[in-house]
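Both complexes shown next keep chain A, but they swap its partner, so chain B is in the first and chain C is in the second.
Coming up: the complex of A and B.
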């Protein structure tokens, strides 16, 4: 509650104009943020294509997928040499591609989350009546 | 004791404690990943050094002329996958994933599988495609514990 110790005459319609200006500023900010997050989403989604392609190539070329397949075809033998097998997987995993893909997925999820949180919600049917 | 209970309860409810826990866990995870990277890198570097030092012992003299470009990375020390180049038991030379030749040593305890059957080392031949799990030796070889003979992958069109 604002105390009005020094009453002054305010111009007519000032409050409405202030509310309108604040509202317009908020809308502009929201639009700019949405545009920023949208650009980030599109960029990260576009970056996912070469990243995932590189990841698939890396997994295939390093033999990682072949090693993993051993766990299914020769499960008991592989588990008995668990240390060597886990070190082999760690040695052959293409870390750069995995890290790049994970970062892009995280950025995409974060930016899409921000968009859905900030996107204007359509008015409920009863509010329009 | 009452104050201790109150302190623990307040710590548990405060956001700061949650943030500190998250930071500590993140740092711990980063340290573990870093340490794992060092261990893996050390294994690969040791194996590559030994492989280079014992190249002639394992494969014979290097061919004269250009030896091709440098590989992008070190081969894995605990296994390999690829086509068999030569068989000179107990040593099998495999063309690894990066085109690097990797010597694989077959021992009496090595389990060799083809399909659903166990086969003998003598049944392995040049040109076959194998996956190997084993451990690195000081001679720059992978001492195979398991060799799985696979169907050759389809040849890509040029």
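Coming up: the complex of A and C.
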């Protein structure tokens, strides 16, 4: 190998500038991540309010709650109807509202998880030779 | 105790920023030298080195710890510099990807540089002249082999060329450097005399 003395002079402070550049990029990504997932969390939390409200309205208007209370109050009658009752219950579920609520819960949980995700703890600094 | 590149690279893939910063410090100078020789401009070389380190950091999860970090890093730097030069249209595609070697130039020659060329490459002013006489694809082989002590196989891995092609490029580079070393120098008092 040619002796480790490059034929051109390295600009002063090159190493520090490179470390700084990578660090600046890391911080920028962290900020963008926080802003992006934070916005998503807030939006999904805010969306939960009308979604849950709509779900409650849908459940009561469809008769789902009535049918469920019937199952607890007159179990024998419900049991005798069996399959028909099950179909009735299934038809009364407001699927759109349920799906919307579940999606918003999932998005909220995922985005909060992304924000709170931490890098592994770095090992103790090693001593330079 | 000083950690080797492999250890630092492994720790970096696990999220240890200090380890990656140490690798950045170790490779800043060699990569700058390499990129400068390919671009001919210090500011551009520094930009390419910076971009290379950022790309490396972004792709740490895909880094294979079985592969040498040096090789991986130089591959990224080479590709980054090539892309930069292509964007600036300062380099034709064939300059770094030529495969149409004449038959007689496919004979591999991995012999060492003649002593006189070694001493010229150690001399800064002479090295400028010799390296400047080479086309980009030859220059990168000479830089990686003689300044970074890489094998032809490693260079082939970095440049994406078969090992025998790298050896052929090396052979042609040696011939060109020999011609450049023998050429009359501008300050040679005998230049132009009969």
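In this text, the second predicted complex is superposed on the first by the 108 of 129 C-alpha atoms of A that agree within 3 Å, B and C clash if a C-alpha of one lies under 4 Å from a C-alpha of the other, contacts with A are read in each partner's own complex, and residues count from 1 in each chain.
Note that in this section a residue touches a chain if its C-beta (ideal position, glycine included) is under 8 Å from a C-beta of that chain, and two chains touch if they have at least 3 such contacts.
Everything numeric here is computed off the predicted structure, so don't read it as measured data.
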| item | value |
| --- | --- |
| First, second, both or neither for A:66, with chain B first and chain C second | first |
| Which of chain B and chain C A:92 touches, first, second, both or neither | first |
| More chain A residues in contact [chain B versus chain C] | C |
| First (chain B), second (chain C), both or neither touched by A:82 | neither |
| Chain B-facing residues of chain A, complex | 61-63, 66-67, 69-70, 73-74, 77-78, 81, 84-85, 87-88, 90-92, 95 |
| Sites on chain C touched by chain A in the complex | 1-3, 11, 14-21, 24-25, 28-30, 32-33, 36-37, 42, 46, 49-50, 53-54, 57, 118, 121-124, 127-128, 131, 146-149 |
| Residue ranges of chain A touching chain C (in the complex, touch as defined) | 1-8, 10-11, 14-15, 17-19, 21-23, 25-26, 119-120, 122-123, 125-129 |
| Chain B residues touching chain A - in the complex, by the definition given at the top | 36-37, 39-40, 43-44, 76-82, 96-98, 111, 113, 131, 133-135, 145-146, 148, 150 |
